[in-house]
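Here is the structure we will look at.
The letters A, B, C, D and E name the chains in turn, as written, and every chain counts its residues from 1.
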Amino acid sequence: MFPFCFEWMWDMSHMVFMGGLWYALTIIGLGMTFCIGKAFYDTFLDKGKDDHHH
Amino acid sequence: MKIDRRCFLSLGIGGAAGLALSPIPWKLADDSAIWTQMWPWTPVPADGETTYVKSACTLCPGGCGISVRKVDNRAVKIEGMEGHPVNDGGICLLGLSGLQLLYGPTRVKTPLKRAGERGEGKWVKITWEEAISEVAKKLGDLRENGESSSVACISGTDKGSVPTLFKRFLSVYGSPNFMRMPSVLDSYELALSLSFGFAAQQGFDLEKADFILSFGSGIIEGWGSPVRMIRAKSSWRESGGKTVQVEPRLSNTAAKSDKWIPINPGTEYALALGLAGVIITKSLYRNDFVKGSTSGFDKFAGLVLSAYTPDAAEKITGIKKETIEALAVDFARAAKPVAICGRGQGRAQGSLGELMAVQALNALVGNINKEGGIFAFPNPGYMAWPDYIADDIAAEGIKKERADGAGSGNFGYAKNLTNRFAETVKSGKAAVNVLFVLESNPLYSLSDTNTVKEAFKKIPFIVSFSSFMDETAINSDLILPNHVYLERYEDVYVATGLSKPVVSLSKPVVSPQFNTKHAGDVVLLIAKEMGSPVADSFPWKSYSACLEEILGGKWDKLVREGFWTDGASSTPVFKTSSGKFEFAGGFIDLAALFAPVNAEGDPKAYPLLLIPYDSMRIASGYIGDPPFAVKTVEDTVLKGKDALVEVNPATARAGGFSEGSYAILKTPKGSAKVKVHLFDGIMPGLVAMPRGLGHTAYDNYLAGKGINVNELIGTVEDPASGLDAAWGIRANLIKA
Amino acid sequence: MDSALIPRGVKRCPTWQFALWIGAAGAVLLWGVFAMLLCWFKGLNQTNMNDAYGFALWIWADLAVIALGGGAFFTGFLRYIVGKDELKNIINYAVLIGFICYSSALLILAIDIGQPLRGWFIFWHANVHSMLTEVAFCLTCYFGVLTIEYVPLILENRQIDKIPFFHRLGHNMHEIMAVFAATGAFLSFFHQGSLGGVSGVLFGRPFGYREGIFIWPWTFFLYTWSAAACGPCFTILITKITEKITGKKLVKQNVIELLAKISGWMIGTYIIAKIIDTWYWAKVTAPAAGFNLMDFYSNNPFYGIWILVLEIVICGVVPAMILISEKGRKNPAALMTAIILAVLGACVNRWVMVLQVMAVPVLTFENWVMYYPSWQEVATTILPVAYGVILISLSYRYLPIFPQEQELNPEA
Amino acid sequence: MKEEQSKEKVKKFGMVIDLDKCTGCGACMVACMAENNVPFKEDESKKLDSITWLRIYKLTNGKPFPDADICYLPRPCQHCGGKGEHGHSPCVSVCPATATDYSKETGIVSQIYTRCFGCRYCMAACPYHARYFNWWDPVWPDGMEKYLSPNVSVRMRGIVEKCSFCFHRYQLAKDKAYFEGRREIEENEYQTACTQACPAGAIAFGDLNNPKHAVYELKKSSNAFRLLERLQTNPKVYYISGREWVRRAGDNYLKDEKK
Amino acid sequence: MSTPDDKTKGVSADTGGEDAIASFKGVDEKEQGEGPGGFVILFFIIGFVASLIIGWVVFPKLLYSQKRQPVDFNHALHVETVDNGCESCHIFREDGSYAGVPKLAQCADCHQEVQGESPEEKIFVEEYVAKEKEVPWLVYSKQPDCVFFSHSVHVKLAGMDCVTCHGPIGESTSLKPYEENRLTGYSRDIWGKSMAGIKKNSWDRMKMDDCAECHEKETGRKSSVQTDKDACFVCHK
């Protein structure tokens, strides 16, 4: 799963497969970080802002 | 500012974050996975120094050399000994499973004395001193009362030093009743004494023979020395030797033969005589040998030419006369043809007539006492025993009639009639007060088990020397457990079928695992305990000292190489009164000798015939099948606890059975619930069942599985010899 | 009692009634959990699987729920990528059903492996050439996506929504939901396919083996396609069942019909591809291994040719025709029939591709092996159903799952 | 050192089993069990959960009495090389956790018990049913575990195992050779337990690439065949039989197919 | 997963919507007034640091049990007196297998009687040699059962020295405590002393990855179809 794992090889299969996997994980991870981070910021740090966005 | 639940939430989140950055979750995940790789309840065998110990296997009469791999003090694997004259590196599955017997749960771990009712399984542990003095006292009392001949011993074999010690003990003590478990060897020995004129064993130079005509012998199913026979079978494939199997069932031997000739069971003798007839008619016999070295030929020829013409033989055997004629020609024209008999592994004695008829074939082709033929060599003479001293009581005792009737009356020739023992004891004809059981399991492996049970009930004191909790041991009064073969010294004489006598030495591969004693030592101790005069004939300090002494010069070679063999096969002479080979053993009434042996039972009530068969994968003698061997048994033979019987599809259809359906198998001796297995390789009208299943003793890996065929079959006394001539029994399959 | 948690403007059954309902489902759940614990602590000897049936009921259940849960990714795909706006009225439910299906699949997988504590080896020591590795990775990732899609719904619970952080979090997640949905669709296309690949790559098993492109056997594509086709039918089916049980109309008919129509066309195209695949397999692939088609469907008590007819004609062609025709979609009975058949079709397909692959003897001297599951297997397979019922009940009761519910049930 | 090792010849260990010699005695099965610490349980008659790395099948020709014929066929793991000898045997590439492997140096398909987590995909993939799952904890009664060999790991419940061509014997033989300063081992130094035990001498084992080894010539026999060759699994176990029906039982043929 | 506009609709249709917003606005104000950050962050840090300490300091102590060797052996002293270095006592058997820790008989060759002043030697002679009892040494480098490790190939063929894997144990004058992982039963020396998995010397750890690393570098074999490295069966059994 990681390049330091015994099974890892720098070949096409690994690059495509793990590439796709890490790509998806990155998007999900970044997306969630953004959502949580922004919610945190809005709630606890940026108190001036009206939470009612409409 | 106050501490509220958000603070605790925060504490938790912080804790979780810290935890994730600590080794705890990762190391625990890793370690718990490793824990599953080394679950504490999964054994890890300790490593150590690997060594090999050469020894001999005694699990069957085959006498293979073994090489046991040890790691430090543990025996871990049994392999065949390279260069051994019997097996040369090969080994059978039973031999391979030996360590399961050594370390297995069925071992009797210490001397046991019965506490409850017989067979109840309640025992008290006693010391060896107590056990020996109890036996000695009992024997001493009987001897004083003049009942010394009421002591009997049943042994698995009569070859080798330990059975000889027992026999010697009985002789010195004053009893003639040393018995060996029945086997086709009884017939061969009897036949040889009649036709060759001396107590001998039959040897077969099968490897060099080029045409083997087998009357139902399970050449690759455990006949003779199983590994040697399987090797011989392979050698014929390379040398071009031909094999023909005459048998009603497509056994493995039949399947591996060049030709399989199904025959009506029990009519093998008629085929042999029919073949003899053809050979004589066509003058294919070796005139020189028949003329020069045989006696009684004319009488024999007269009988077969009149009563066993090909047509007559066809009628009896169910084999087409063309087949018979062709077979006779092939057999007689072969350079080194050999005819052998002894059904399956040879556990049944068989009729003397059949054996003599087969032997006659060997004589007709003159393949006797030469390379690629058959031999007779004298009973083992490799041991040098000092004479024993028999006092008056002993001299008188051994003159008494044996409990099985052998050697007297109608059965003057017979040495052992253990098959008759149960009946005579049960009926009260013979009184037995003490029975020793050595390396055998008569309660399981004698035919008609129920009669044996009844007989045993009449014997007040049964002493088992068994290493294992077998059926007989459970039903005994005292168990004096022997070391198993991997813990003891013993000479192993190959009793069956080799072209030259071979003796191997069984050695202690590991030290005794439990509080057991060598049966040889126990006899010495009992004798010693009884004191003079019995003790005088047993001067040895221990069994191993005795063995070393009686083996003399062979001892060193045996210890060094593991085996000893007599190079020249001895005595190419006949010691009959005529000095020639006696056709039909000199019997006067040949028609009586060659009488058909009918299966027990009324054909109307029992339209089918039950025949037992042998398999390499099911040990059927003294040794119960170890777990590994049971594992190899096919599910068409044993399924769960159910035994499957082989039935021809046509027969099954007629009875309304399909594959796997339950049936009650009934014979005049008993009945059992079995499953039906359809097999195209069996003659219609027959039901075949393996020997070796249906144990009630031993461990859960063996007990309760299948049916003991001996419960369903009985004995048929051969009027010519007193031997058990039964080859099966009439039977019926009824829907369950 | 729990009225503070129930969304405003909708009517729910009394608490006791709900508790009773949950209790009943909970009892079934506990039975399943008991069987699961047996399997974990005593090992897989609790099942009727054996060396011929290394894959059995559980793997079928896995493949089936994942196919049926495919409604989530495909509806999401249609809603966010293709832009079928009406589907916003059913997407919540599709996501919930998908979440249940996928979590169930993971749970069953965790029971199904012989060494659950080493299960993570599939990730850490991944062999990228194995279809199962791909399944495990995509399944887990997509389950993550489904969780992300389900979480905002939970956050919409009246009480949770009151907390500003959660309110904002939910809002933010809504904002970028299309990104997640797209990632989910990408993952789904692959893992649905890999599940198809599981039997398709077995070149030692002529019943399952299929040729393909590069590393992907045809079953790879057929599985994705069939999951996209039949998954929405399962969403509709569960919606209809929910409506039946609650006695309320929850989703407008036009939404259902739109999804049914798309599903119909998907099934239609899928079944054409499946027929071609079957034909090619019967005529070319299997004969190359020495098998005639009927070798796979005779000489055994269960797997007759009926099963192929059932899968392709009755559960494939028939529902496709009904759903494609407007008349069929408008007729409630026909619609229901088609939906049930389509769901059954996916299940039968997964069944034969798992179980029959195992049953067919390959060595000439072996026989057909039949199998029936042990109660432990059945219980652990029903466990997810009970768990699904509970989760749906809770979600329906406390979360605004159906946006059209108020409108359709104004009297409440 | 790299250079030195590359000089080692590529081996392809395989077996040739003469079915006309095989008597079905079962010694090979037990030799395998005894050598490889194979466990046993009380009921082993349910063959579908009975671990027998080497299993003997009983083949019948299907004809009625008296034309019936039987043949025994011992089946170890076939150590498939896969299409074109690339080592893509049916089982190897499907393992999700890399617990089974194909060595290009020996041609042996390995199974690493401690890595396997019991998904059983390889079992599903193997058309020979050569792979076995440990449905039960291995239990040796009453001290019987004393006979276990330290050369082969005891397997735990929940994983797949199979015949390894007694690879530990290869390891030990090489150990000895290295200790004696040799690089290569002789044919007789590495033989499987079943080969060694077979009383009929029906099993030959060796390097299929090495002309000095018996199997090299044996496999070329016109009576030699392999199981399911049509699936292109490319097994390294060859069988020999003079009987047409036996050879034909090795593969599937269409009913209307000409020979 | 309803969308923001649905929500607007839902909320505005709900008469209670405004109240709800007002109520959590109120909460916000209250918290603002009391300054929320302080304790929350403090508690976060407390939790964080506490579990780090537990994880890095307490956990290893709990995970590993410490055992003393039955006799405190002085390697340095012995290496001085023997001729052939490590192989004087740690021998190969004739079949090429490695005997590992010497058996009692080997030691007893010299230590039939107490020779020196060391109390440990006295224990050894009295407790073990005299009673003919094997010393239950705890082997630091004991590999798990699944590993086949050939000393023969590493030492005889590849000519490796002992130190590379075992470290300078020959220079030690006393035996360190044997640490055993309570969960796995492994010696700690296999997984390595460092909980973070940091390796400074080649002998710090003996995990599979360490074997693999060296094998890749030294042999360059690519016999495994799965990994293009050394095949699994090279080191596993």
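By definition in this document, contacts are C-beta pairs under 8 Å (C-beta built on N, C-alpha and C of every residue); 3 or more make two chains touch, one makes a residue touch a chain.
If you're wondering where the values come from, they're calculated on a predicted model, not measured in any experiment.
Participant: Name the chain whose C-alpha centroid is most distant from the C-alpha centroid of chain D.
Facilitator: Greatest centre separation from chain D goes to chain A.
Participant: For the chain pairs A-E and D-E, which is connected through the larger number of C-beta pairs in contact?
Facilitator: D-E
Participant: Would you identify the chain whose C-alpha centroid lies closest to the centroid of all protein C-alpha atoms displayed?
Facilitator: D
Participant: By mean C-alpha coordinates, which chain is most distant from chain E?
Facilitator: Most remote chain from chain E, centroid-wise, comes out as B.
Participant: Can you give the whole-Å distance between the Cα centres of chain A and chain B?
Facilitator: About 75 Å, centre to centre.
Participant: Could you put a whole-Å number on the gap between the CA centroids of chain B and chain D?
Facilitator: Chain B and chain D have C-alpha centres separated by 33 Å.
Participant: Take the average of all CA coordinates in chain C, do the same for chain D, and state the distance between these two points in whole angstrom.
Facilitator: Taking the average C-alpha coordinate of chain C and of chain D, the gap between them is 39 Å.
Participant: Residues of chain D that contact two or more other chains, please.
Facilitator: 46, 58, 93, 95, 98, 113-115, 137, 150, 154, 156-158
Participant: Chain E: which residues touch two or more other chains?
Facilitator: Chain E, residues with two or more chain partners: 4, 28, 36, 95, 97, 144-146, 226-227.
Participant: Two or more other chains touching the same residue: where does that happen in chain C?
Facilitator: Each of 115, 118, 121, 125-127, 129, 133, 164, 167, 171, 175 in chain C touches at least two other chains.
Participant: Please name which positions on chain B make contact with chain C in the complex.
Facilitator: Residue list for chain B touching chain C: 29, 32-33, 35-37.
Participant: Within the complex, which stretch of chain C touches chain B?
Facilitator: 115, 117-118, 120-121
Participant: Once bound in the complex, which stretches of chain D touch chain C?
Facilitator: 46, 48-49, 57-59, 73, 90, 93-99, 115-121, 123-129, 131-137, 156-160, 227-228, 230-233, 249-255, 257
Participant: Taking the complex as given, what residues does chain C use to touch chain A?
Facilitator: Within the complex, chain C contacts chain A at residues 123-129, 133-134, 137, 141, 144-145, 148, 164-169, 171-173, 175-176, 179-180, 183, 186-187, 190.
Participant: State the interface residues of chain E toward chain A in the complex, per the touch definition above.
Facilitator: Residues of chain E touching chain A: 4, 8, 21, 25, 28, 32, 36-37, 208-209, 212, 226-229.
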